[in-house]
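Labels run A, B, C, D, E and F following the written order; every chain starts at residue 1.
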């Protein structure tokens, strides 16, 4: 669910990109009182995502349209299946079509890719797959929602919604112990403290310092297995860096708690969805 | 080149997503007068794109930073090569890093994919590859620029910057002839009229109606070759729909003028770029 | 037709100018439940334009009002005739009145002036009258729409929606041929290339270079006639600069295709329209 | 003087209208390092107005430009005289030119027309000419400033910056006495109370009620003279409605204090100003 | 009454602060179709203020909610009494609750404090209590409205809605006489001229210069009494600076016309109001 | 430290409130080239807060001003001491003065009140005082920063930056156990789970469910002491509701970890700060 205020701003911005000078072709060729029915059809197998945005785009262009969700967000949809239905003035539907599709194709693309990653987890696994802050500028809330529709979890929303101490923070603070101590003293009490480590030695320091979560940065599988054994539940273990679909099962079996995957948002292809329009005459 | 006013708004929006509650970790662990030098490094072979945005993100966070472009937009860059350099307050660099990278990784990803498509054209070919309106909501100007950096051309910027008569417009107007005639009468005189056709019969009608550009929608190669022969230069021929890297050379050899590829913007993966930071002390 | 998203932003901005500190007089003298009916009356002969904006201003101030268009945009209206009707809370109508009128007076003024220019064209003439980019900052979409309501056409919407090579572009590019060649190579394929020329010699070069449209900049009538004869249909001919009502017929008879008139937008007087309000009591 | 915050928002909006898709022609024909000098020249006799905005447009497009005011706002300028000078990247100047001129042509047009009205006042006259709220939506602050540059005064800025009781307010409140009494009781103590009257009888009531200013709405000259005699300085007298240049002297001689003229802002033609550009090479 | 356009912008901004990353707890624990009824209850004696904003927050989050005002703005409310009622989706109510309360608690706090000041005026007193420009950045319209709900008046809304000549203006202009003369000549004719004086001598100069209102800045009671006697109704007298609840009666009895109190807006505590929510099940 | 992008938006909004129609008095009485030096002086003992905003307001009005911080944020300042210094055009300083003071008076008021609460903690106490989401709409980031300057900590920034399960969430989820379990499964792994309890029985359930933090809602002191004993470090204990200055020491001695105080932001009075201005002549 995306709060209305975020939705409205993003939808208006996107519509302005496409409509700042109107829709020449439609205004020239379609008379004002022509009605139509449109259906958004999946052209490939995909996980649907974005019905709220899809509706918002059409309603913003023309509050007189009627939009219906045929498939709830997060559902698997087969090729040829209809996701949403819109009815009303043909002009309005044509003007909003591309913008609405650009949103849901991107969001469904992310949800679908995410579902594939999640599907690699062994049955019953407690490992969770999470996104990163590598999102498209201006669309973070939409992409994080798509990740959830895909069945994965969100990492911190922003630099103000979580503490993650990386190499530069460590050296600026004078070491892992100092950094964690300061974070405990100064950070909000509802936030855990995560530390990124690059070696077994750093892992030991992070544990000693009392980190709540430890991020293993670009560790090989054997190193990860050792790390999990070392940690023994004293902290959550997150693996990050170069995670591919193929590695998910191995990482989960190694017992890590969290696998963060930037590709979910920065490298998902758009899902193939198109709008089939039937003119009803005027 | 992206106009400053567009740039400023997109950069502020993106920064607000990440910094609306500050950067907890950095404020807690890095003291205010620590200086640093950062370099954005290519982690893969890529076509660089986004130096203007990269700089703008850092300057917006802190006008006291100094940002330098090491590689002009549109250049091939090898893994390990530095693209940009930023120097100044470590805190400011850390706060801006992710947002700046999110822009340039996306833009370089598009530029790199585009270059691969362009590279498939036979030497000396007059066929041009163009983008579509299938862009990320809110980032159209950035993605169209990236397409140009990749060596391709832009299709119309928006629904008000070109006339493209599709199937629904044709049936609403009562046929191709009627639609083209209305477009000629009512459209701005600096815009060409393009008609999307789905068969050889429609192609004939479009030619008769005097279309300037004809879009062959999802034609097979043989149909395309026949269409080019039919048109004989009386209109430009654009091919659209399901264009893959592999088909580019064949389409060009078939003599089409324009190949539009939605994948350039809707399905490019982010290029792998990271910021290496060196703390200078305070 | 003006897209809703443009409309909403312009209407809110305008209302904020007048209402940022409320409407003191109305709040002091009119009790909240007084109802009223208002009619916007033409006080002069005019071409109506702006019903969509008129309604939007009232609805933005108070969604409970009811607004009715009595005369479609583009109609000639006689003095005393009613254009629009609004009914509901007297307070709301009084607060919105001035802002609504400021829009429609300006738009109807432009539509009316445009109609006079268009009326000077000989019957059956194929010459079109177009606007320019000399529009009021912030109101371009509204003024371009008013020009269309007046019966004329639009020139390019913005610097990104058309290629028009002027003297400085020519000298920067190293001549007309070079400039046109670059524009052909780099410009979007749906845009024609227009070249502004200042002499018969330049006209020849522009034709040789293959310009689609040639703008004769401040030519005298005899020069224009010669130019049309020279061009002989190989390009469209646009006349620009110092075009008065009186010259329209002569220019059309000279056979030019397009006459651009900055005055349509930069020098139209507001049409005289006032709101007659009848209080219904509470 | 226009506050920076207002300036910035209006300038950005205006630039976005023209540059949302870049400046195709300039980017194609002018290489990035070409320098130029531009001068804004008066093409007619005019009162200059808008140097602050002119500079702001160019600086917003490119902070590296240098803009110089050659003539202070409010000065008479002869045809051919230069108003402003801009130097720097040719590309930037070309991209900003039209937007900058659209502002100053409009503002100088208003200042020039206003000066003509003010020039009709007898020497030494204490009558002041003022604007109205009939301003261009979105540009009120700019147009009020232009009126001041023209030598006239401003009426109330908005519905919250003055109390002006009109016919509908009077009938809603139950009469002039009741309306003025309420306004005295409830209105801010720094605001005078003005009452619009339509007859000699209403004038008497307004005086009795203690109005500070009385607006004579569409009175004939003889009625105005009688009204001034009746009022005898007990209130200021404002004349409104259908004021033409020709009537100014007579109205002033009749002894009215204030003449409000909607035409200053709603019907001024743009002043003719153009930018002469000299390319300096790269 | 606060104009809708102001309302919408402030409400969206406030909601974005709290909801930019959604409402994690509510989305996790409350299923989508759970309904609820909420009542905003006074937890202390207070003057209600903000029903328009309260409703707007809930409607912005979810247009499907129903909000009802139980107590009109400006009413005294006893502890335990319900002010507003909201019904609909539990999720939406929970997401909007804090933001809605933050507005009405602040506004009711100001209205309540103001009512206490106003209550100190002797019965039948003609002295008015007014606010100042010492308002919370971004909320001036809301706080000025709250002051009116509390029974006091507003001072000028902004630096453009009144003329108040203070010490620095006096010395810059070269004395009180010069400053007032300039203000008379140049200021809008609907605005009174107020002069701040710091001594009996300055008071005399202000009277001579013809000030409409005289502000006694930090005068002791005896000085105020003398000043009122000196002025003898030739100007309104405003007292400013260090006004406490205890001094109101004495100041009013001294015969001053206006008492301005910065504390009304800059130092009011939030009124204690909470939302009692009853879940209705799904 | 407040990110620049937040700062700019809030400062522009605030300036527009005061300057949308200019500063009449200053423009009328102060000539443009008069220079001045201003000093912001404390008129009471206070904790300084807001130097970044103070500077930003003046720079936004006039980038040519020079602003200097004399006292770092978070310092105790004695009456009469100067906090900031600004030098440059007198007009600009006068126009920005009130807006700048409105920010820093509010922020310093919050910082000062917070410091008093923090000062009540026993020496060496590990109890922390935190703010709440009861902040002024539109100013959350500024008020949270002021709380930190006062020496306290921040609670969660928004509904998306922490999980806090309250009574309604508990009943909607079907009990504490169910709510916590869902929060663990679905919430981001960097966020702790806090549960609000209203009785000893609920406290037990929350502990069993594995809450990280337990909020005792309106418990009496004896109940709090028992709760701390029951929890025995298995979770952090937060006390909320009706916390006064006087109770801080007792609560800390009772061993609670966190005391949340809404009054820090919703009921702080503005600190008394004024700007002393010295005109330097022109």
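Everything that follows uses one rule, which is that contacts are C-beta pairs under 8 Å (C-beta built on N, C-alpha and C of every residue); 3 or more make two chains touch, one makes a residue touch a chain.
Just so it is clear, the structure is predicted and the values come from calculations on it, not from any experiment.
Trainee: Provide the labels of all chains in contact with subunit A and in contact with subunit D.
Mentor: Under the touch definition, subunit A and subunit D have B, C, E, F as mutual neighbours.
Trainee: Applying the document's contact definition, name the chain pair with more C-beta pairs in contact, B-F or B-C.
Mentor: Contact tally favours B-C.
Trainee: Most remote chain relative to subunit B, going by C-alpha centroids?
Mentor: Result for the farthest chain: E.
Trainee: Quick one: subunit C and subunit D, Cα centre-to-centre, how many Å?
Mentor: Their C-alpha centroids are separated by 22 Å.
Trainee: Measure off the straight-line distance from the CA centroid of subunit D to the CA centroid of subunit F, and report it in whole Å.
Mentor: Each chain's C-alpha centroid was found; their separation is 43 Å.
Trainee: With centres defined as the mean C-alpha position, give me the subunit A-subunit F separation in Å.
Mentor: About 32 Å, centre to centre.
Trainee: What positions in subunit A touch 2 or more of the other chains?
Mentor: Counting only residues that touch two or more other chains, subunit A contributes 17, 19-22, 95, 141, 157-158, 160-164, 186, 188, 191.
Trainee: If we count contacts the way the header does, which residues on subunit F are in touch with subunit A in the complex?
Mentor: That would be residues 128, 130, 153-157, 160-164, 186, 188-192, 194, 213, 236, 238, 257-258 of subunit F.
Trainee: In the complex formed with subunit F, which residues of subunit D make contact?
Mentor: For this pair, the touching residues of subunit D are 1-6, 8, 141, 144, 157-158, 161.
Trainee: Looking at the complex, which residues from subunit B come into contact with subunit F?
Mentor: 12, 15-16, 19-23, 27, 32, 60-62, 91, 95
Trainee: Would you mind writing out the residues of subunit E in touch with subunit F in their complex?
Mentor: 10-11, 13-14, 17-26, 28-31, 34, 36, 90, 94-95, 98-99, 101-103, 105-106, 109, 133-141, 158-166, 168-173, 179, 182-183, 186-188, 191, 262-263, 266-267, 269-270, 277, 279
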